[in-house]
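All chains are identified by letter, namely A, B and C, in their written order; residue positions are counted from 1 within each chain.
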Amino acid sequence: MKHDSLCLTLADIAEHLGATLEGDGKRRVRGVATLKDAGPDQIAFMSNRAYLKDLAGTRAAAVLLHPQYIADCPVDSLALDNPYLGYADLSLLLAPQLGIDEPGIHPGATVAKDAVLGKSVCIGPNAVIERGAELGDGVVVGPGCVIGAGCKIGASSRLHANVTLYHGVIVGKRAILHSGCVIGGDGFGFAHDGEKWHKIAQLGGVVLGDDVEVGSCTSIDRGALDDTLIGNDVKIDSQVQIAHNVRIGDHSALAGCVGIAGSTKVGRHCMLGGGVGLSGHLTIADGVQVTGMTLVTNSIPEPGVYSSGTGTMANAQWRRNAVRFKQLDDMARRLKRLEKEINNT
Amino acid sequence: MKHDSLCLTLADIAEHLGATLEGDGKRRVRGVATLKDAGPDQIAFMSNRAYLKDLAGTRAAAVLLHPQYIADCPVDSLALDNPYLGYADLSLLLAPQLGIDEPGIHPGATVAKDAVLGKSVCIGPNAVIERGAELGDGVVVGPGCVIGAGCKIGASSRLHANVTLYHGVIVGKRAILHSGCVIGGDGFGFAHDGEKWHKIAQLGGVVLGDDVEVGSCTSIDRGALDDTLIGNDVKIDSQVQIAHNVRIGDHSALAGCVGIAGSTKVGRHCMLGGGVGLSGHLTIADGVQVTGMTLVTNSIPEPGVYSSGTGTMANAQWRRNAVRFKQLDDMARRLKRLEKEINNT
Amino acid sequence: MKHDSLCLTLADIAEHLGATLEGDGKRRVRGVATLKDAGPDQIAFMSNRAYLKDLAGTRAAAVLLHPQYIADCPVDSLALDNPYLGYADLSLLLAPQLGIDEPGIHPGATVAKDAVLGKSVCIGPNAVIERGAELGDGVVVGPGCVIGAGCKIGASSRLHANVTLYHGVIVGKRAILHSGCVIGGDGFGFAHDGEKWHKIAQLGGVVLGDDVEVGSCTSIDRGALDDTLIGNDVKIDSQVQIAHNVRIGDHSALAGCVGIAGSTKVGRHCMLGGGVGLSGHLTIADGVQVTGMTLVTNSIPEPGVYSSGTGTMANAQWRRNAVRFKQLDDMARRLKRLEKEINNT
């Protein structure tokens, strides 16, 4: 169901979200905004009680909120248990239709004769589809994308402009791959002969599950022998590096600038904060959260929240403390010695 | 004013920089180099007194320097208050003319019929300009760039090869966007329903002010509801990630590999060192400097220099100290207990 | 020597690797796998004794191993001193021939009239070769690559899809440049006039030695005055940033997400772990290894292993310790005072 953004009524929205409407079902809205910024033709949402005072002053047409706040709402309300989820679903409904591409192959695209294209496929100018590649129904390939030989892309997936897939990459259904991301480049594998490096051919592939999103300029390398595996519903932000033979469990989310070294396994429902680094050959349990810029060098067998680092200080204060860090083992020994001496007196 | 690099005289340079020449105004030079490396057809510069001994031995045609060092200069001199600034301006004057592109649209480019192109626009092979995009006078779009629907690019901006702008991105005047950068990709926004992720459409845009430079392979994401805003004269290095709804104040500079999480506001005249990470929803005051690889998890209300981390050690020493870091709170408590015991004896 | 992957015999392999075969030289194999996974038509390898128990149960056709383990091998063996090196060389031998491109210039490529092309060059669709560029024999340029004016690329080098080289970049022989990497973008150089930034033209270039590999989405910036120099046999992973005027010595390896600031010199045979950051203007000796996510702010004059950071903890434990880090200098002073008091009593 797609609406023109100007003819969506509150009743339509309530039905789409499964929300309970209090107010004028015929009122039309054209967008979504914050409680503070929303005008009388926009919907707002309140995802937690910290925004109660913004609710009181909102000029929105209506507000998505939890049923417990209906009485506090000065305008029409759409009540549902998870208003943030309601906002997500509404945002897609109200998104401008800029993303609607006309099906067909642009004459400036290069498509191998034996490529298999599903129904309603859209291939932009200068896209290259190499031999044997298969695109499911409704796949959109943006301008300048390169789809390597033998790749398979599931139905309804969208590759934004200038995405590169190396040969044999498998992408599930409904994937969103953002511009500049590269999937299937060689893993970083070399053997050393004592003087120089010998390349190890990266003979594995990359398999992405369904509903995966990959951010701009992110790299996911192909496996050395086996495949690099990204589970279903895994969300990967921009500037991420995923090395060869990494496995990411379903529903995990990786924020920007994360780096994961070779052969590490990340569980299901994990969340890695921005800039987190995982060493190679680790196993991270389901449900692990790691805070931003933490370096993880050992496996984590239990769910929970994990961190490293020192916190930020004024540089002068930091310099004094960082010097002491280098003396920390010595300090610990001296402290223990003092304790012994005190106990002996 | 553009010179052939072989016919620039010291008098020309002095006039262009507003420098005071002592020497032969008719001498011709063809380039700029360091005090140590410059030959007799090159200009050198001395930006601080640490290079006084190099000045004594220089073979340069002339030296850009502060007036106080004229007497120490063995060759012709061009004196001005900020010689490093003089070097910058001279470097542009002497830059080889490789960047001069012939105006016009390459036959291999794809330009929407309703795109609006200013005077002397240059569009390279395989560039794609989507519908409704507007390019100001003198804009250069390199090979393979993709300019999304409705983008506006200010006059005299240059997009090097393989830059991607999503729909609706606004770029100011005189921007320099380096290859592989991606502006306007979706912010990383999802709502969780307890089991899986629901995408939040990213309905905002990205607005870059005038005189912005963006490094290669850098990502700047579009806003969720409002726009991501990059101020005037903001300089962003390579491999940077700027998440949705970030705001960067005028004249700030971000070194390579910086990551800024969603909705954080960075003030004016800030400098973020390489690899710095800023958490989301922070406010960083004007004039803040953050040293390399610092993680900032709280707002910084005062200008100054800020840091985190431990300093580098030999691995064996580091291992001993890092183990103690995990005992630090325990050590602090034992130290306090000892102090009490001592005071009681 | 290239074999069809289905007609390679153990005798062929033994000869190619210089290994000593015990077993049936006529047996044919079609691939390589781990000791655990290998089937009877595959070769496995044992690179260290931790895998002895996997060796006992392997179903592989034959195993590459050190001569000392021949007696432990339940199947045919190929003995050589460095079995991991043997695996590397075998992997290349067995790699699928997907990489074999037909020589010639795709009609969708744009090649300047004065470009100089060696024998058997392969140029993909939408590749752009600008004026004066020179490609050695057997160079492969993937789809969408842009080779700037005056670049020189040595024989047998391969640029995967969507690589960008700015003008004047020099690449040695047998280079492998992965998709999305950008070589020769402007270094991050600006002079400040007290209010705003003035760009410093980056007049140097980039020179890559022979046998260099560069990962996907990696940036190597051109020099300000002199060139950025990458030595022979240097291996650079994905998402790396190398700033202007950096020099990397021969045979060094940089893992993913490394960032190196301007003018730093890295020695020969160095290994930088994932996410390592090097400040600018440092000198790192030959043979230095730096562990993951270490920030190096001072030169390292001696070979060895270096580290920084705190190790990962459960977040609650980390919070307690991180707070104490800010008191560390104070703790050190109090500890010293206590020691004095004890000694005086």
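Everything below uses one rule, namely that a contact is a pair of C-beta atoms (placed from the backbone, for glycine too) under 8 Å apart; a residue touches a chain by one contact, two chains touch by 3 or more.
Quick caveat: nothing in here was measured; it's all calculated off a predicted structure.
When subunit A is laid over subunit C using CA atoms, the rotation angle comes to 120 degrees (nearest 5).
Under half of the residue numbers at the subunit A-subunit B interface are used by both copies of the sequence.
The centroid of the Cα atoms in subunit A and the matching centroid in subunit B are 26 Å apart.
Contact of a single residue of subunit B with at least two other chains is seen at positions 126, 144, 162, 180, 217, 239, 257, 275, 293, 309-311, 313, 323, 325, 327-328, 331, 335, 338, 342, 345. Contacts from subunit B toward subunit A in the complex involve residues 110, 126, 128, 144, 146, 148-150, 162, 164, 166-168, 180-182, 185-186, 188-193, 195-201, 203, 217-219, 221, 224-226, 239-241, 243, 257, 259, 261, 275, 277, 279, 290-291, 293-298, 300, 304-311, 313, 317, 320-321, 323-325, 327-328, 331, 334-335, 338, 341-342, 345. Interface residues of subunit C, counted against subunit A in their complex, comprise 31-34, 37, 82, 84-85, 87-89, 91-92, 94-96, 98, 106, 108, 124-126, 142-144, 160-162, 176, 178-180, 211, 213, 215-217, 233, 235, 237-239, 251, 253, 255-257, 274-275, 292-293, 309-316, 318-319, 322-323, 325-329, 331-332, 335, 338-339, 342, 345.
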